[in-house]
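You will see two complexes here that share subunit A, one where it goes with subunit B and one where it goes with subunit C.
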Partner chain A sequence: MNAAKRMIPLIIAWIVLLILFRMKVPAFLARDNMIDLVQQISVNAIIACGMTYCILIGGIDLSVGAVLALVGTVTVSVLSIGNPTDQSILRLALAICAGLGVAALFGLFNGFCAAKTKMPPFIITLGSMLVARGLALRINETPIRVPAQDDLFLAIGNARIGGIVPVPVIIMLVLLALGAVLLHRTRFGQHLYAIGGNREAARFTGIAVGRAELIVYILCAVLTGVAGMIHASQLYSAEPNSGQGFELNAIAAAVVGGTSFTGGVGTIPGMLLGAVIIGTLDKGLNQAGVHFSLQYILKGLVILAAVYMDVRRKRQA
Partner chain B sequence: MSSAPAPAAAPLLALRGVTKRFGGVTALDGVDFDLCAGEIHALLGENGAGKSTLIKILGGIHRADTGTVLIDGAQQSVRGVADADRLGVRIIHQELSLAPNLSVAENIYLGREPGRWGLLDRRAMEDAAENLITRLGMSEIRDVRRTVSELSVASRQLVEIARALATQARILVLDEPTSSLSESETENLFATLNHLRAQGVGIIYISHRLEEIMRLADRVTVLRDGHTVGTRSIGEVDQHELVRWMVGREIVDYFHRPDARPGDVALEARGLRNEKVRGVDFKLRHGEILGIAGLVGAGRTELARTLFGIDKLHAGTLLVDGKEVAIRTPQDALAAGVVLIPEDRQGQGLVMIQTIAFNLALPWAKEWNPFGLPDHGKRGAIVDRAINAFGIKISGPDAGMDSLSGGNQQKVLVSRWMEHRPRVLILDEPTRGVDVGAREDMFRIIARLVEEGMAVLLISSDLVEVLNMSHRVAVYRDGRIIETLPAASATMETVMQLLTGAQAQ
Partner chain C sequence: MRIRVVDLVAVCCALVLVAGCSQPSSGGGAAPAKDAKGGRLFGVSYQTMNNPFFVELNEGMKSVIEAHGDRLVTLDAQYNSLKQKNDISDLVLQGATAIFLNPVNWEGVTGSLAQAKQKGIPVVVVDAPVKDADLVLCQVASDNLEAGRLAARKLAEVQPESKVVILHSSVNKACIDRVDGFKEEAAKHPGFTILDTQEGKGTTEVALPVMRDLLARFPECNAVFPINDPSAFGAISAIESAGKLGKVLVVTVDGSKEAVDVIKTGKLLSTSAQFPREIGRISAEKVYEHLEGKQIEKEVKIPVELVTKENADTFIANKAKGPSK
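Presenting the complex of A and B:
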């Protein structure tokens, strides 16, 4: 397939990165280190899945970082209402529903504005980003600790199945598999490609463009909500200031993975590879002891190089 | 009608043995072409014959593999657009290249704005643009301060032509300039071109419309499959001969009006109204083609959009097969069996970055993918049926949409709806930029569908097409049908009189 062929240079680039970091950090390719790497990627990859849908239809969602913080705050707040001393499945379910519900509301708002008003998604989600961040800070200005007895919630981000495979990685793989089926196998996915490729033509073909757009933004927000719970669980607390810049990492993963900013082009496997490359870069540079200022510079250059190569290849085709 | 001035000794432009290959495909193979000063030289050929490649070499967009370009007898190397510009070559491409957010005047003087020290002299620019527009007889533009995005496609094309003529042009190339112009706009353009010819400009004129070429050109060159078939003076050829040269076979008549066997009323409109549609009533029967004849700007496209649920209806009712239907969205229209083939094939019809199969299968996703998991066999069958139904020439269903000629793109756009026959097919400018061969195919198939009972509403700027294909012709002006004529009494003259408001007798 064409899409698979386009991933080959990215896979080569990733292997080159692995070799370089292995030369600098002898234990880089060790099993535990690799498992850590995948675990660290999972939050970004889950968000980037929704982001890929948004970019694919010619939109964007800048609010994901702030929604992630808000979802964490809401979820942990519900968990700790009345300072409980026991663990209750009911309360946990309620907390998760509250968190995902808030996320869905933001998605609904973003999607409604994108579909029904002429406001550009960049501006809509810039606004909702600020609203979400403000709401998170209103609920609590300081981090809220996850009640220590809530093993199940803490397991979401920290447990390992069989002592090896982290739960977030499982969640990520399940969601990405579903996300890939949705995009690459369903009618809905087909419609997203049509909308991104030519919005007017999609409309003239009888596709309910507005409805699809609404669903995309809700999906993106709900996926972000799941990521927000994993993130809060990993931090053992909900931090209203967390998630800053997560939207940029998600956009980077989607774009490095071959999603076109003009819409209509992009895949979930490609996005995952993009997330893996960004994650490898983050971890490798850290472990190699590169100063954080230089990390930013290198990451920026890698993103530019990846997108430049992709654009050039497209022009040749 | 036009008398050719005596050709000068050395031709203004001479192309000699121009060859160009793209990968394994030979687009041009040793093509010779001459253009004299003060001559309109028509370039004819089906899509894919090599016209565009030839023009792009002249304009410095492509470079010839072999062959030479001579201007005034001196060999020139055209390495880029800047070279072509310096040599006085101006090309007006089929795809318009205006900045929609700028005004008419700003577009005309884009890149050569009058002013001093970097300051824009807006007044001088607007005055110059105003003069130019007046001189070229482009009254449709009205105000050079208008933003281009507010203008119709036809007006935008005029702006494009004005831009090319704003500086001294020696060689002007027009690629299908009249494909979206009304009759009167076409007349204006021809007057302008005759004027430029008299001033000694050499004009290369590309068109599929033979009548235009016969009227306008001094000479005609026909290309076929990258070869020059021949060059003749207009006085020495007739239309049939040209068509034979183009397609390599004789097409006696590419219109196939189906036999009139009108059945029950398929679509009835009663008092349709919105901003652009000002009270439209008509009845369209099964097995009938109702042509909508109107000038550009009369609101024909808006009527089509309203019938298809793109534009909102303020008042009036629509009946499909005698049952009242509320069409508020394209989905409603499709559910009622009404299909619109939009005028802007690439902008509104097709997803050009996708494959042919994607575009053909898109409307029927519900059938080949009902529960989330695609049935590739069924999808393939739908795609195959669509390809076969219209005889679309493709290298394979997974080839890119952009690999197809305009004619085949149009076939894709129509044939994809034939999986389940629509009750009513609305065709808006179905032959714009479509070559003669594909046009014939298209009309033959439409005729067959109509004979099998489909109702067709045909909207076209090409009056000859409307008159030859329709059973009845609705004359459309200012958002209203002012008269409906049976085919027998709808002659060019009567329809033109009604359209332009000229009084008969």
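Presenting the complex of A and C:
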């Protein structure tokens, strides 16, 4: 209840944004444009879901952008081994497993280091970010094109169910629903809040802090892996250089949505609202024809305003 | 409840800023995006705006579009393909009259091109090509092959016996063309030897150490072809610190004002100048011709011009007018 209440000012802010942009851009609220908005935020929202978990337990994952690039590169490489000539379900399954497997390995590494060593997650994931980026570039320095006959893989990012709802939107909604259930309806979710609230206290109450941490980083990396496949599919190719700065977009969505950087506070619906607000801002400023230099300034100010609001509310609560 | 008042003030401040700044600077005002004869909306997405080349290109494009009473929205993809895809999608859904595109990933824009095609919005590709040429109205770029040929010809004229190293940027199609043109011309001169081709990535900071290594490896090297002005600056700096200034000649491509200044000092022999403003202008004119129902050629090559010490001053004075022919 409290969490829902905290989202009210954000919802008001979003509606005001929509009205403002509708005044500038007549077609802003058209169905196509709104569906496109949700489609555009899908990659960021999926990554931000994992990022919210990390921030909730007082951690962070800076490696998501590089892991996204690596997963895309691995997946598309497997898809194009030996110049296939027709769609093969087996090969697709193998490629997806390889991609998610690599992501899970990175999550395992991040989580293991966070749980077992005293290194701060910021530094651990800074290191694994560079390793993942380097591996992606070792596989191929330039983009790898998705083989044209792989209709199913290309459908992940480009198809529309019934000609209306984009597949990435459905993937995002399913993953976020599962993510929300895990966080808000299970004992594991409760544990994450406890760890973020007070790590030592959580340990004394018998919570397996290390194990929870491990799972969180693996989840974050695997979600990033799914986002990486959508990304590669949408661009018809895997780019080893892509995803730079995606970690910051994900963090922005999480914190605008009310996730506290000190841990212990934050929700999945809030994060989604954060991603929607940032997406609305991106789209609206583009369509209103705002110069790109001003777009950066405005986005920065809106993020600051949102977080300031949140901090204020917490102090007075 | 008292809390929320403060919150809302903060939000409103930010939003008022948004509203205040979203006035189109071009003066199209609150006119709707399409229908009216003037005041049509055009959009352009660049791979980066962190390069004077694209800033000039954009100015050329804008001058034509604003002269027609229309407006141009300029978007910066920051080398991020996904952002470029989203930006183009925003323009398409807004009903832009035409879209100009400088692709981040020449294969990765396929989806965006298909989306624009489906809505019947013409796309003109500027400077760097796209793979799916059949999905676009036309591609406008410098004649990069000729730029490479001009550089080799100038070098052959000054120093017929040249032992050359090339600083490449091998992921870029425009640079591949430059090197092909250079090699094609070099093959006509028996005194030319190409010692090695190395990756300079088209930037000063990468070109410098690579050139330093090449000079150490090939003491006989007496010429270098860095494929653009920034990497030429790196090469010159390496040559200077090796004390080989004047012994190793530099010919390049671009024609930036900085490079012309260096030509005047004699450290750079020539640069085959591109005309970004002209590329922008022609691209926009092609779109208007298309809108009038004229047939447009699929590929438009903008001529390049050799700049040397002799014509450096007149070049700078006349640059805005485009290539002299």
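Note that in this section the second predicted complex is superposed on the first by the 317 of 317 C-alpha atoms of A that agree within 3 Å, B and C clash if a C-alpha of one lies under 4 Å from a C-alpha of the other, contacts with A are read in each partner's own complex, and residues count from 1 in each chain.
Please note the rule applied: a residue touches a chain if its C-beta (ideal position, glycine included) is under 8 Å from a C-beta of that chain, and two chains touch if they have at least 3 such contacts.
Bear in mind the structure is a predicted one, so any value in this text is a computation, not a measurement.
After superposition onto subunit A, the partners subunit B and subunit C occupy separate space and fit alongside each other. Of note, the Cα-centre angle with subunit A at its vertex and subunit B and subunit C at its ends comes out at 130 degrees, rounded to the nearest 10. Using the contact criterion defined above for the overlaid structures, shared-chain residue A:Glu141 touches subunit C, although it does not reach subunit B.
When the two structures are aligned on the shared chain, A:Tyr236 is found in touch with subunit C, with no touch to subunit B.
Touch criterion met: A:Lys283 reaches subunit C, while subunit B stays clear of it.
Once chain A of one complex is fitted onto chain A of the other, the partner contacts of A:Gly162 are absent, as it touches neither subunit B nor subunit C. In the superposition on chain A, A:Gly82 makes contact with neither subunit B nor subunit C.
In the superposition on chain A, contact of A:Ala208 is made with subunit B only, not with subunit C. The larger set of touched subunit A residues comes from C, when the choice is between subunit B and subunit C. Touch criterion met: A:His191 reaches subunit B, while subunit C stays clear of it.
The overlay of the two complexes leaves subunit B and subunit C separated by a minimum Cα distance of 13 Å.
Interface of subunit A with subunit B (complex): residues 181-182, 185-187, 190-191, 193-194, 197-198, 200-208, 264-265. Contacts from subunit A toward subunit C in the complex involve residues 8-9, 12-13, 16-17, 20-21, 23-27, 30, 32-33, 36, 39-40, 43, 141-143, 145, 157-158, 231, 234-237, 239, 241-242, 244-245, 281-292, 294, 298, 301-302, 305-306, 308-309, 312-313, 316-317. The touching residues of subunit B, counted against subunit A in their complex, run 308, 310, 329-331, 333-334, 340, 342, 344, 347-354, 358, 362-363, 365-366, 369-370, 372-374. If you check the complex, the residues on subunit C that touch subunit A are 3-4, 6-8, 10-15, 17-19, 21-22, 24-26, 28, 30, 32-33, 41, 49, 71, 73-76, 78-82, 85-87, 89-91, 93-95, 105, 107-108, 110-111, 171.
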